[in-house]
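Next come two complexes, and both contain chain A; in the first it sits with chain B, in the second with chain C.
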Partner chain A sequence: MGYFNASMSFSFDYLSLFFLAVIAVVSVPSAVYSVGYLKGEYPRAKIIFAWFLLVMFILAMVLVVTVSNAFVFLIVWETMSLVSYFLVTFDNEQEKSLRAGIIYIVMTHVGTALITAAILTMFQYSHSFDFAALKSGCQIMPENTKNFVFILLFFGFGAKAGVVPLHIWLPYAHPQAPSHVSGIMSGVMIKIAIYGILRFVICILGVTAMWWGNMILIIASISCVVGVMYALMEHDIKKLLAYHSVENIGIILLGIGAGMVFLKMDLPVLAVFAFCAGLYHLINHAIFKGLLFLCAGSVYKATGTRDIEKLGGLIKVMPRTALFFLIGSIAISGLPPLNGFVSEWLTLQAFFLGALAGTAGTKIFMGLCAAVLALTGGLAAACFAKAFGVTFLAMPRSARAANAKEVSLSMKSAMFFLSLLTVIFGLFPAVIMKILVKVSGEITGIDTAAMSFSLNNFSLAPQPANRACLSNPLLALILIFFCGLAAAVYYLLPGRRNTVKNRTWDCGYYKLDSRNEYTATAFSKPFRAAFSFFFLPYRKTEKIRESFYHVKYFKYETFTTPIFKQYIYDPIVNAIFMAAGYMRRIQRGSIHLYIAYIFITLLGLIIFYRG
Partner chain B sequence: MQIDIFLFGMLIANFLMVAAKRISALINGFCLQALLLFLATLILAIRSKNIELYIVAFLLFLLKVVLVPYFLRRIVKRIKVEENLGLFVNSALSLFLVLIFTYMAYLFASTFMPVGESVNGISCVISLSVMMTGVFMMISRIKALTQIIGLLVIENGLFVFAAAVSGGMPFIVEIAIFFDVFVCVIILGIFVYRINRLFTHIDVNKLRNLKG
Partner chain C sequence: MKTIVVIGQTLLVILLAPLIGGFIRKIKNNLRMRKGAPVLQPYYNLSKLFIKQEVVSDNSSWIFKITPFIVLGAAVTALLLVPFFHTGFSLSNIGDFFALIFILSLGRFFLALAGLDTASSFGGMGSSREMFLSSLVEPTAILAVMAVSLNAGSTNLEMIANVGAIPVSSLLAALALFLVTIVETGRIPIDNQETHLELTMIHEAMVLEYSGRSLAMIELAAYIKQAIFFSLIAGIILPFSIVYPFSYAQVLAGFALFGGEIVAIAVITAVTEVSIAKMRLFRAVDFLAFSFALGIMAVVAQSIRL
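This part shows the complex of A and B:
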């Protein structure tokens, strides 16, 4: 059993360091935020418990990305899952939390089981759990086994990352944790799964077949669109953000999948570039998703509800939070000049360049991926127009929204820090790109010394010398200039004094109150109609009559069919329960019978051994 | 003095226990079997002049021949339960089944050991038979005390089996098992006592009402 002398060795290569940075960038502000968030929300003992879990959680994530032994990796990976389970069920007096916890822990254990199987299969060839030994072991692995291990690894880590169709736990678990933890879970933890894919699939296993990258691209595309479409339909602000995590994991995997395809097509420069794009989006998503979850937590703390249909008008009472949320929304929608735009642009560029370099089939495929990404960006913008508009603009739809107060300093400072990072990562992509090139050079094993994707410190240029390049600071300047111009025109033109003040979203009509306002459901109606083949919407109407002529009131509800739950998970769960029902018949509760089962088995074995 | 005779004696004690209809007869049967096991071990110890075996034999005597039967009898007295064991399978049929089990044990043992020739072969057959009888008693008797005795009978069989196959377990393991068995008997005894206090019976088949 010499293999199990798992030396607790660490590696601090660029990949690990990059992920450490991701963890730190979100965890530290979240921890600061939690000071204000937990105060008054929970009793003292519970707050101490929350801190304990938070520290354990961060520590486990740090260990996951730094250990260099697969056996230890599995242990810390499991620790991370278990600690996050306790964080998901932190409000354990709520039925919903426990349900979310169960879904989460089942899904995460399915993932861990797959990963364990993959690592043990690799171990057959390496006879050591050390990463370096695993890597050399994978050299002698037959092709088919490699494919098998890849499938196990991808779906194992995919369950944690939340790729469709394994995303089912995300919208339950993430919103249920306290908000600062939701931020870390959504911003960092699911990225740790991406670390697993990078480390085990690309570094250790090595990309062997073309279809690996293609499969990742297809699944990533589906994740993008499905995630954002569900987000559009969602009116619980934290669930909405959780669905956006599914979308963004898709975008990250688009970059990584493209990188794998380029590796196989023998285009090292493009491969490095595509990995950079994926990694860039990874850290960007960590930042703005952390920011958005913190903002959502502030809204929840101030109003006590997460249903955006009950909010509205918060920009007047919580101007700072509104500003931070707006920054996050712009970033996640991929609008210039913030960081989301940069990484989505890079990913798109990777696809365009791939389409240019590839042959016919690849051209079409890359083009389709780019189209999916563009569609995703558009839908995300629509979704955040809804989320921001309904939550912060308009008139308050409930008393709680009207009486909200701005949150405390520690919460604001954390949000401010993340907003600042969003801007920095948007304005100085060239500097960050240089670092990312090193990371992805290490992942792929390609020498990147000669590669440069930037003209100077201010502009990106994926292709040397000609064609597309992007200078975000310049873009920002242009935007500011035009905004200034518009403002100048507005303020300098005559007739400005001739203004009428009305209520928000009143359309000049003077008697509308908040019940007449445009709602989130109404906003998403066109999408529900346009994508009805996917949402399968249905409605319930109910008339309560006093007499035949007088309808006292009319109830109208509209739903969308959760197709993944209904057509994939429900049948599986039902099958398991049915099997359990059959098993129950032999569980009679009689000790004699139980011993008899053992005895009969024993006799059976003896007889079998004879024959 | 041959060891076989004691081993066959154990088999006969087995049949006695299976045929027993009253609790006291069952305890006596067990006591007899333990005594025979003790004698067999003692002879082995005398032959090999192994001090550890002497200690094992002594512990065997102390625990299984003296303490456990005493303890069981005491429980029976204290809970004042009726003498009848409550058989699911009547004693004639039980005896017949146990004979079949013995034959199966013979067949099974002969697949990995020359049975007819050596003492080891015989003790292997008998130990398997004793173990199976122990399980059978646990299954086919109603009163909770039988479950305890069944467990102890299985342990007897294991002891012989270990001796036959590998020349006995390591000393420290043997001691640990004795300790386990004794603690187990005490705990189970207390449970039986409690069950009786709570439900005024110790019929295991009625405990299924506790199932959720």
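This part shows the complex of A and C:
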């Protein structure tokens, strides 16, 4: 057991420090938020338990990104998974929580098993679990083994990150945890899986084949579109946000996959740039997804429901939360001038520059990836127009929404802090880029001293020679200036008659109420119809009759078919249950039989070893 | 000097943008053997709306109030990035072609929110359909941008305007961008600017609750957006530009050529609108798929150096 001796060592390289920053940036506001969120929601003993779990969870994540020994890594990785399991099942009186917990713990262990297998395979060549030793061990590994280890690592960490088709647990588990934890899980924990990919695949294993990056790009593209499409159909606000995490992990992996492709294409500058784009989106997503989950938690706390079809009009009773949610929505939709825009722009630029440098095939592939990213951005904007519009605008659709109260100061201040970060990360990309370049340089082992990807402290320029740049602070300034000018023209120019307030035009109906409003289901109807080959929608109509002649009312429900669950997971689960049924036949419960089993096994082993 | 030219050019485009709309309407009417409203009608409409009383819904919030400012502000910001008939006077070092598309999305996002804000089913319907169409047309736009940018070696709009040659891929990209323009400006066969018939309107449904000066701003923004798209297509098809120390004759020639292109695009738009019927919303998906295919063809053509 000699190789465990030096095991409790830590590394604080740029990659670890970057992820520590990601953890801190979301965890600290979430902890502040939980003060107000937990109060009144749970009994005192449970609040203490929540704090204990939260601290353990954050600590486990911190350890995962700082340890420099694969064995310890697995232990703390498992601790992180287990603590988060208890957080998912925190509301354990609800059956939904327990179910979500089971799906979560099974999926996360499938991932852990794959990672363990990968690390043990690497260990065969390094004879030590230390990261540095693993790295040198991987150099003598045959290429086929490397491919195998890559597949294990990618899907192992992918299960935790929630890439399609391993995303199935995410929309169950994240919404079920208390909101401040959902924010950390979606904002940070799935990023820790990206850390795993960066650390093990790129730093330790080293990118060996072109198809690695291509495969990641394809899976990431699918994740983007599938995530946002399911989000569009979702009316549970936290589930909707969870599906957007699937989408955003896809966008992050688009950057990372492109970086891996560029590494193999021998384009070091571009590779560093693409990794920067991915990492930028990673920290951005941590910030705005944390923010959006905290806002969703505030809505839940104030109204007691997560179903946006029962909400509406909250902008009037919860103006602050509405503003923060709007900021988060603009950021996640990739609209200027906030941070999501910057990282999506960077990723698009990475694809463009890759296409520029590559062959014909690369050009088409990169073009398609860019198109997928554009589609994702468009659909995300549609989804958040729906989420914000239906939740916060127009008339309240239930008494609970009408009587909601703005949340407490600790919750507001946490949301304010994250909104502020959203703005800052949007307005000063060049400064952040300098840090990210160092991190990417370290991952790839490329000397980045000459790279900055920016002209000065205000504008980003991926390749200064080709003059394509983005000066987001100036852009924001111009945008604000012209919006202000428009407002000034509106209010100050003479000739305007007084504005009157009146009813919404209702075709002479005079009784417009919340039932006439457009709902979230109606809003997503065009998407459901256009992508019916994917959603496989169906409806159930039921006539409730008073008598044969008189139909009292109609019951009408629409559904979409969860194809991943129905065609991939359900068959697997059924097969497992069937296998378990067969296994039961040898489990008779008689001690004699078990002794016989042990005896036969021993006999078999002895014969095996003698031979 | 540069500042004055930039301000003057921006004001000029803002002033002339409604004229394109009026011109298209006039041609359409003439093609239909009607006399039609005068070419300057958009100006009469805008100036009338500018002084009219405004009615605001009881249900609406500050989102409804600020949306016209953001829509107009975003349109003007996007306008600043576009080079017209000469290079050197757009603020192309602030944002590139990708950024331009994102900036226009910002205005649309707020319009969609404002459509939902009034609690009217019309507004919500318009928002839903607008977001549906615009999100599906986004990939085409990006592919077209990719194709022309690959030709120029940069996404910088002035570099694109300076290419000089006209490869096949740029023509395909321009065609794809033309289809994007049809969707973005709400024209037949996707949407119909002239109708207020409940079942067919998309953009008009979204802004149905706006009136008075707010509506004037939204309409002006729509005209500016149209001018931006037309200029982009013109710049891609005919990359003709004059570099700074120029003579007045060059400026006049450039302006005439550029104006001629815009007029040509306007005529094509008008003829297209008159000659085909509006599609059902779900048929529009076919149209979008076709435009997407065109976008891919543009990139493919570029990749084999056509």
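FYI, the second predicted complex is superposed on the first by the 563 of 611 C-alpha atoms of A that agree within 3 Å, B and C clash if a C-alpha of one lies under 4 Å from a C-alpha of the other, contacts with A are read in each partner's own complex, and residues count from 1 in each chain.
Please note the rule applied: a contact is a pair of C-beta atoms (placed from the backbone, for glycine too) under 8 Å apart; a residue touches a chain by one contact, two chains touch by 3 or more.
As the structure is a prediction and not an experimental result, all values here were calculated from the model.
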Which superposed partner A:567 touches (first chain B, second chain C, both, neither): neither
Partner chain in contact with A:609 - chain B first, chain C second, else both or neither: first
More chain A residues in contact [chain B versus chain C]: C
Contacts of A:356 with chain B and chain C, given as first, second, both or neither: second
Which of chain B and chain C A:52 touches, first, second, both or neither: neither
Partner chain(s) touched by A:504 [first = chain B, second = chain C, both, neither]: second
Which of chain B and chain C A:599 touches, first, second, both or neither: first
Partner chain(s) touched by A:554 [first = chain B, second = chain C, both, neither]: neither
Common ground on chain A, meaning residues reached by chain C in one complex and by chain B in the other: none
Residues on chain B engaged by chain A in the complex (per definition of touch): 88, 104, 107-108, 111, 132, 135-136, 138-140, 147, 204-205, 207-211
Interface residues, chain C side, partner chain A - complex: 50-59, 61-63, 66, 68-70, 72-74, 76-77, 80, 91-96, 98-99, 101-103, 105-106, 108-109, 112-113, 115-125, 127-129, 131-132, 134-143, 146-147, 149-150, 153-156, 158-159, 208-209, 212-214, 217, 281-282, 285, 292, 295-296, 299-300, 302-304
In the complex with chain C, residue positions of chain A that touch it: 313, 315-316, 326, 330, 333-336, 341, 344-345, 348-349, 351-352, 355-356, 359-361, 363-364, 366-368, 370-375, 377-379, 381-382, 384-386, 388-390, 393-395, 459, 463, 466-471, 474-475, 478-487, 489-490, 495-506, 512, 514, 516-519, 522-527, 529-530
Chain B partner contacts - residues on chain A that touch it in the complex: 587-592, 595-596, 598-599, 602-603, 606-607, 609-610
